[in-house]
Each structure stands twice: as C-alpha cells, then as structure tokens.
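One structure is given here, and the rest of the page talks about it.
The first chain written gets the first letter, and so on, giving A, B, C, D, E and F; residue counts start at 1 in each chain.
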C-alpha cells in the first residue's frame, strides 16, 4: 500500500499506521503506552544525541535505512563512553512511500535495537508531499561508563586506532546507484561492544569517534582542530580492501573521504596501543583494526605516503560523486 | 584528465562486455576495441578505450630498465 | 636496472639549474599531490600544472547554459559528477538543483540512453565535456541515438583537443623546460602526436602512467633528456599507449565531429582546439554553437597565469584568502583537479 | 543563500552551516563541544519524547516551525508531569532552502527554548533533494515531578479541563494558505508553566495531554480508549472565539478536529476541578480555560449539543481540508 | 409565537404514524448529526438522507479521469478538498498524489485563474463538481478564461441538478412522506422549483436553513402539513431564498451550460439531471463527455438503497465491518457528508 | 450540499468585494449579486450568491411566528 497524506493527519489513518507497523515491531511496555512521553529510569550521568537518516536507496547490501538509524545513534552514544539504553524514532514519510517497505525497515530497526541493547521508547510519524522517500530521525540516551572521553582530549604521543576497512558503506550505496556489481556490503553495525571491550581491557581511552559522513579525512581534521595537535597517519597502515580499491578506481573516489557506518577511531595512550588493538581485533566488528597513526605537536593532518612522501590531508569539500577527471 | 582503470574481460555480449576490476563487475562498451576473454582493457566512463599489452608490474620493470639504459647514455628508439 | 630508491635519491639531490616541468593532465596533478611527489624531489625541480582539467577550462557561459537548461520545464541535464560544482555566472549546477533544476549525475554518457528511453516526455541534455579520451564515447552514444531514433537526448558540447593547447603554451610561455604528456588522451591520439611539438620547440615530451612510480620515472627521464640535451617524445606508458593511438576511436571522432576554434576558461581563444558536432548532426546539439564566449575571469583571479605555468597558486593574492574551495573565486579552485584547489588542500 | 546538496556532505560546507547558524544561535557549553553526544546530569526518573515538524508555510502569524519544534516537544514532556530540561534538534533541509530563513528559525528556537527553560544540546543537519522545504525533528528529556500521570489513569467522576480556545494554530496556518485575512495567530506556546501551576496548587492531576494534530475530538477518544471510560463534553462549554467560528464557517472546518499547539487538557478529580480551573486561568496561557466535561462509565466520546441533543464525537478521518459540501 | 422548547417537546412526544422525511442536502444531513437532532425527536419520525452530497453521487469513472489527468506530465488537477478522498477504481486523488500526481486544493474555482496565469507550462484541470449553487461560479470562471484568453485551464464537469433527482425519487420511492428541500441550491433556483413536484406527488417540500432551529422548525412544519393533509412548498429560509431564485446566476448557467442526462453513483442514469458545457465552449472541457459511465457499485454495497432512503446505513451488512471511513467500500462512506460516513461517526 | 456563510460587505472594488465574516476578511466575487456597502451576502466557494434580507435572529422569530399561525390552522401564503 502507498502511504498518502491522510496518514499524517493525526487521525484514524495515523493511528492505524502506528499500530500496524510501529507498535507491532517495536513492541515494548514503555512505547505501547502511547503516552506523550516515555517515563524511564536512568543511572548516573547520561549521553544524549540525535541524527537524521536520508539514505537513497533505502535498502542496500548489508542493511537498510532502519539499521543505519539505530546504529548511527547508538554509535554516537558509545563514542562518549556510554552504554546506549533508549532511542526515539521520528519518521518523515513522503507521500508514495510503501507501507510494506516501511514495515521491513521497522522490523530491521527492532532487530538492530535488540543487538545494540536499546529500546525504542517514543516515536512520531509525519507524511509530507514528495515522491515516496522515507526519512528517519533517531535520538538516543545512554548511561556514561567512563567520564572524560572527548574529541578535545587527544595528547601528544597518543596512538590512533581505526577499527577496520574504509569505505564500505559509501561503496555499497554507490554500487546500487551506479549499477556496479560486487560483494561490497555496508559495514553498518552497532559498535558499543567494541567500546565495552576497550574499557574492560582497562584502556584509558582519550577520544573515540565513529567515522561516518565526511570519512576518515574529515574526522581526523576534527581531532586535530579540537585537540590542537597534529595528526600523522601512514598510508600503508590504512585498511582498505582490494574490492574497495577497485571500486574507487572506477569512479574516481578516495576511501579517505568515504562514509562508513560501522567504523570508529579510538585515540589511546601510546603505551596501551597494542593492547587496545588486541582488544579491538577480538571483536568481530574490529577484526581488521589497525594502528593508523599518532598524535604529534602541531596542527592539521599529514599523511606519510606509500612512496615515503608527505602530504596534507584536508577535510571533504562537496560531495563524493563519480568523476571523469 | 580522464579517470581510467584497467579491468579483466570476463564475458562478451556483442558490443558489451562484463569487466572485472578487483571483484567489481561493470558493463562496459567495447565498440572501440576488440578484446578477447581474459584480456585487460582500460575503462573510461563506461567504455573500453584500449586493450592493455602489459600488466602494471611488467611496465614498471620495463620503465626502470629503459631508464638504466638512458642513464648509461643509450636512449631507446621510441621518439 | 635502476631502482625506485635510486631515482628518488637522484631527484631529491638534484642541484643543477632550476627545471620547470609542466604536467598537462589533471589526473597527473592529482597523483603528484596524493603521492606527495613534491616532498620527494629537489625544490629545484618545479612541477607546474597545465590546462588539462576539462572542468577548469570549461567557460562559465557554458555552465550558464547548462543551468538554464536544467531549469527549463521538462528538461533534465545529465553530467559527470565533477561538473556539479563548477561555478557559472548564475551559480553551479549544484545550486541550480537547489533552485529547482533537474540534474542527474551519470557514470557514463551511455547511461543516458536508458534515462531518455524511460522518460520520453523529458528532454535530456548531456553535458559533453572532455578531451579526446571522452569524445569517442559521445560518438558511440550518437550511434545509439540514431539507431534508436531518440529525439529527447542531445549534447551540449565543450570538447577540447590537447595538442593545440600545448602548441599555444609552447608559443607563449618560454620558461617551461619539458612536458609530462597526458596518459589517457595519448591512448587515443598516440604518442606520435607530440613529435612535431618536441621537434619545433625543442622540448622533451614524456607520456606517463598514473602511479607514483610512473611519475617519478617520467621526471627522471626528463632529467636525463635535459642532461643529454635531447628533446624526444618518450612513451613510458607502454601498457596502454601506442605511437598511433586507437584508430577506431579516432575514426568515431572523425565521423561525428570536426575541429573548430574554442574558448578556454582562463586562457582565451585557441584556434582549432575544440571538437564540435558536424553540421549533419546539428539536430543532436542542444545549442553549443550559440553560446557566446567572452573573457570572464573574476577580478583579481590569476588563473591564466596559473594554467599557463607562470605562477604557482600561492603567488595569487586571493589564494587561501577570499579564494578557497568552499568559496572559489576562479575556476582553478573548483575542481578536484584544479591546480589551485589541489594546492589549497595540500597547504599547511 | 540557497542551501544545496553539498551542505549535507558532512565536509566543509556542513560545518560552515553548523557554525554560522546553529552554534551561533543555540550557543551553550554542551553543544559547543561538538562531541558525538552531549553528556548531561539529570535527577531522578526522566521523561523522553520526540516529534517531527513539517508545517507549510514555515512562518505564520504567532510563530514559525522552529517555535513549534521546541513547544511541541517540551509540551509532550510537560504532559507527563516532567520539567523539560534538554532538547536535540535534527534538521532535514531540502535543497533550495534559504539559509537566512533557517537562521531566523534557529533564532526563534533559541528564544523559545529560553522561555521553556531547556537547552538544545545536540543536533544534526541533512540536505536532501527537493524544493526548499525545511523539516525539524526535536527530541526532549525532562525530569519527572509527579509520577503516575497517564492517559490510562482517568477515573469516573473526574473533570476535564481545556486550557483555552480551540483551533487557533490550524486556522492561522490555513489562513496563510488560503489567503483569508484575520488576526488569528497560532496559539503555539510552551505549557510547562501551566503544568507547574497545577502541581503547585496541589491538584492530583490524573492525566494531561496537549491537543495537537487530530484536535480535541481525537485526543478525547484516546482518553476514552486508554482509560476505558466514556468522555462526556458539553458543546456550550467549548471555548471557541468568534473569529475562529467565522473562519471555520467559511472553509467548512470543525474546531473539534483542528490542531492546536498551545492547548492542553487536564483530567483532575471532580472535587478539585474548580481549584484546577483557577490555577489554569491565573496563567496567561490558560486565561480562557474551561471545564468542558466529565469522565463517565462507558466508552467513546459523547457531546451534549447546544440544543440539548446528544451525539457521538469520533476521531478525525483524513485531513482537515476546505470543503464545498 | 411557539418556542423552541415547545417544538422540541412536540417532536419528542410525537406518537402518530411513522413518518419518513428525506433531507436532500448533505449539509442538512451534517447539521442533523452535529446538533444531535435524532436524539431530540421521536423515533417515529425517521430522517433519511437523499442524494444531495455531490461527492457521493460523483461516479467512480469521473474520479478515474481526474486521477489519470493528475498523473499526466505537465498536468495539474485543481479541486475542492472533499474530492480528495473519493475513491475511483484506481484509488482517490489523495492516493494519486502518493503516486506522483499533481493535485492542488483550492477554496474557490476562481482561484484557479492565478494558478494558470503563474504557470503557463502546466495544463490545469478544475474538478468541476457541484449542484446549481456552484455551477454559476464555473460560469464566472469561464468569463474570465475567455477574457484573459487562457488556454491552460479547463473543466472536467460532473454538475448535477436537483429537481430531476427529486422527481426520480418521488417516482420510484413511495415510502417518503415529505422532503426538506436544499437551502443553498434553492437560493439559486428559487422555492418555486418544487411546486410541480409537491403538486404531482402530493408531498410537502420545506426549504430550510442550516441551524439546528431551522431543521427542527422544518420538521415541525412537515408535521403540521401532514396533520392538516397539506402538501405545500414552504420556504422557511426566507433570509436567503426567494420564490424565483437568483436570476443573474441562472442566466450565467444558461449562457455556458445545457442540460443532459447523467449518471448518479449509486442510482444510475437520471434524464436531464446534469449540466454540461455547451458545444460552443467545448474547448474548455477536459474530456467530460468522453467518460463512459457504467453501473459500478462494489459487491455488497447498498448505497443505492441508502441514497434512495430505502434502508438506513446500519441495515447494510457491510456497515462498520468491511466498510468504515478508513476503508470505505461504497461512496456513501467516503465524504464528510456521505450518509454512511455520518452514521458511522455517530454510531456507538 | 453546498457550504455557504453570511458575511458583511466592507469594501467594493468593481466585480470584487471584501467581505467580513466575524473578523475574517475574504475577497469575494460579486458578479452574481448587487450588494451595497454594509449588506450581508451569502458566500459560497469565493462567490457571493445572494444578498440576505434578514438576519439569523429575525429569521428564527419569523419562523416561529409562522409555525404558531399554522399550528392554529392558518397556513401562510407561501407555496
């Protein structure tokens, strides 16, 4: 069934959508009450964040927009050293969106939420004019396990770990759009277990960040700016699969600026780097983790190239589109 | 000037071929070249523009050999 | 056999006269940047970037025409991704989309056939930019348009040829000692295309591939030629480039296109430097010949000097100040391959 | 300036948008850190909710989408007896949206947040294809002041209070769209002060709900369903201004099903009804409050009409559009 | 003078023979519901609803044509809000929008002039439904279209006239004792339009306003007429309705429209019951005369019986089960004024 | 059948008038009627279709009087 504007009116159709799709799949005692707000218990200080998800196509190898919407927000919570607990989900549906597609997305959200250990406790649905797109906003609340983790907290001598291969989400999406066949699946995944592994291994994590829009190049520049340091990385340490390399060479893309949805960097004291690496690699989501560089005095991001040269790494300008030149 | 990438021809269907670039398969127009199955072609904007005669490693070896010759005062025939 | 280490060592330690080498091709410029080549060679070897980024040399009035077409009812512009950001006088195609224009990014010109067949009520216009590498593909596209009798797919051409531009530079810029000739254009036109230039102007032309090793080897080759007082065309991209080029591709070009003078953004008019649709195929042209080109660099922008290798971008007073990739003043700051853009990203 | 797709890429343009608009106006120490998530203190149990806002036109008499986005979420928190504390804001911008318009909206959000006593501590911006629309999602966290307030908690004999005149938001929006001139302004307002007033007056509030999309008719049906009771209201007690009556008669609309953005119902023990009414009427946002009906045994919503008749009040079907018949 | 209380008391206590009164006009049906009139009168006075909801009697194939036009490239359908939800065989206009159709809701047909002038590249089609109240406004619109020489604004007409429908009911349904005649249609056509019917079929016709008092007064008037064995046309909406109607409006109708037979959803063909554009104005018609009407009620739906007053909606086996406003089976469940819809909302 | 509402004419501009409906002002086409300033007109779909001759309260009084007459066996002339 195609969802039309009447489903956003707040009346009978809206509540049928809520019952038949969202309550059916998200199903938990807090949400089921359908109060104006969820009433919840939390322990200690909280982490709180939001993201909206607007990916096209809605389904891709390795996931769909619903999986992204859950992972994106629980990952932002995890990066602050928090255990994700509760999510809200706001759906903006363009008229023409398919209710079966929406139901599949909701089902995936539930599965991903279960894996990530969170409950979807409040939601909202609006219908707007348009051509059938589905947009999802999630917000999340988590309980802080370790205080002081911050993008501004990186120190000279720290090592930078990257949890795995670059570019998979972006490449999976672009493959669908451009009709290139491969086995590249989005890396989309909830990363709290990686964080928990680092904390349980006793690592004094200084900073974590998931490597999403803008790619590694952009995130490292944020680190350099916020912590007033220079980030130095080695091209030869950057994990990129052959398949992604091939994909990038076809479309003229650079893995440094491609979006990931299940990758993070962790900045840890130099002396704990190997131990942190081992902790990451024990987790399936960190199997290809690498130590990719260090924090130095200075500013900006520099890369030691495979040929031994040195160059600046800037942030992303504009979009990552296929190029002829 | 023009992004291009080598790929291996794995299937030919008239004017089109399936070409593999490190496990990425694209449909490529081959009307500008005559590749055989297994050939490597150079792909630019969805089109094969050349059949490659050497692989990258071979080419680098050849290059360094040429330079050795020239360094020693024996420039090759190519001009 | 020399090794890479030896080459790097010699290039780093070079302490002879200052040498200016122009790489013509934007993909070379980009590779030089990505591999950190400048950090590996002596400061006495200056690498300067020529007019080989089709996006940078595309006149702003051409972009204006694309923007206009994208905003016309029932029209849709098809383009490569790198044209999206290039500014015309009414903004870029990305901005046109924000104003309601219809623009789609394609990987191949041939993908436009599907678009045009699926939506016959829309008039599609492909932004046909490029050098000789890309032009034959537009020829193949025209084959199909004719075969399928499609009336809703046209080209707006701004197709450049490289040798007239090289000739123009050799004639006007005396300070350049050698050229790294483009790799993929040479696949089509053949290494012999540079013979006359090498001879006439007495400069080495080295055809190179795109790996860091290829570029280092090409620079080293140039050093050797200059040491010996030679000015040869040397093809070092032998896996792909032959002396005569791709004859099929050349014949497709000749079937549909003819040379004419053209306007290069930042340079001006260069005779015989462009390929336009022959008059027999004018029905497939979306108005290319009606674009009125005119000198158009923004005030203060020194792109001409940059493209012709007279100055490096940092010598432009606007560089990094009012002119940055986020707010490009001149065309060289726009594209991923534009010289100023590449220098900006490699500043610091 | 028109915002184009490159502003959503996560690179340089995205961060310029964030700096020049959102950080400038929302400006607070938590948000300014630009971490993946905000880290916050909260006391006791929390209320947590979300809503998305998609109103057209973006600006209308009495407010704009930004004011709505703050009020809508703080009101949902307040309805659970919570003091609103923190908000997140997720912006989905269609290409073509105007950056000055966005800045005005952000400024209004800040002003409204200040009035409502909340901080905007996390945000997100995406740009999608489209025609310049702006969509905003907010989520909110508040601290529970009174436990047990629930839509399921209404009891026989309770009285229903409505905090003021019906239909103003809907009429303000439709007036803009249909070119009818009047002085009707949206009632959009943050309602926590009304709630605080009731609690401070010692009212044992059983249920509160803001009367938004779907209108009073829909909300009362939700009360009847959730609390398994009959709701009985009197037509003559319903506060509707003359101007709204006129407006509705022109377009064939019914104030019972029109959206409000600064109105709430409170269901209170019958014996406290007058006291609760006085508390509401002391607050400027409750000046026209009325006791509109009672909770009875039974099911559904019934209205005693002005002529003394009786009829069912159903929920809204479809949208409230102008009619000829 | 009688008081409202007296009237209500008498109507409530009525215990004579069962009386069936048909209110023809959907706005009356709606007012009866909103004022809770049924709860104020004796169960022996049955109020039944006639075919006076233009939306309910609009054939599904007419909706299909609107849906088709909305989905055509460069077309846009303009309509009143209540047409949005009416189901055709390919769904409603609301659903067409979800499929990419262009539809705009207007308050007045005259607002379509602005739309058509602002966007000359779009072909606008106004969904011209209604009874005699609305038809003269389409005439005024045509005046303007002619004066402004607009070629991108047309009408798709489904315009009904009420007296042929009343005649059809009087002829076919013998159980109805009296009629509450429509209020606003009568403003245009005048109370004298019912004289012949009252005479021929011997039934009271009371023209009423729309307040609860008006309706109670009209019912009471009918009771008095029946008590006295009278069958008069009684105009009780004297503020607005005259005997002869609005002559200017009638002349505008006559200028542009002519009567023809028409198909009423749920009823079938009624001779002379419709107004179509005269042949001189066919260029403003978006294809109304090419719609092929056919009997089309969904299986099991008893709308015919409901509209003709033979049964009340609750007697339809589908009512409230498979047929609800959210998932309407028949047309009477769709509109705010549809009898089944009104009964459903007033169930419980 | 046809939603219509009374409003007071507060300004006349040729074929158009501004009409007030309880402080809502709409532009209304008056080509079907000849209202004077201050008249009440009946508005349907953006068009005045009638000039009202009584106000609502008067009409109700008149109605109840008529019914009184009829009740007492004196039906009026209107038929």
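Simple rule for what comes next: a residue touches a chain if its C-beta (ideal position, glycine included) is under 8 Å from a C-beta of that chain, and two chains touch if they have at least 3 such contacts.
Each chain and its UniProt protein: A, D = Hydrogenase expression/formation protein HypE; B, F = HypC/HybG/HupF family hydrogenase formation chaperone; C, E = Hydrogenase formation protein HypD.
Note that the structure is a prediction, hence the values are computed from the model and not measured.
Common neighbours of chain A and chain D under the contact rule above are C, E.
Looking at contacts between chains, the pair that accounts for the most C-beta pairs is A-D. Averaging C-alpha coordinates per chain and comparing to chain A, the farthest chain turns out to be F.
Chain D and chain E, compared by their mean Cα positions, are separated by 37 Å. Computed centre separation for the pair chain B/chain D is 64 angstrom, with centres defined by C-alpha atoms. With touch defined as above, residues shared between interfaces to two or more other chains in chain E number as follows: 4, 26-27, 53-54, 80, 85, 94, 107, 130, 134, 213, 325-326, 337. Within chain B, residues 1-3, 44-45 each touch two or more of the remaining chains.
The residues of chain A that reach two or more other chains are 5-6, 12-13, 179, 250-252, 317-319, 323-325, listed in rising order.
Per the contact rule defined earlier, chains pair up in contact as A-B, A-C, A-D, A-E, B-C, C-D, C-E, D-E, D-F, E-F.
By the touch criterion given at the top, residues 73-74, 121 of chain E touch chain C in their complex. Within the complex formed with chain C, the residues of chain B that make contact are 1-4, 29, 31-33, 42, 44-47, 49-50, 52-56, 58-68, 70-71, 73, 75-76, 78-79. By the touch rule above, chain D contacts chain E in their complex via residues 178, 250-252, 299-300, 303-312, 314, 317-319, 321-325.
Of all residues in chain E, those touching chain F in their complex are 1-4, 7, 24-28, 52-54, 80, 107-111, 130-131, 133-134, 136-137, 140, 143, 182-185, 187-188, 191, 195, 198, 209, 211, 213-214, 217, 220-221, 224-225, 228, 230, 232-240, 246, 248-249, 252, 337. Put simply, chain E touches chain A in their complex at residues 85, 92, 94-95, 97-100, 325-326.
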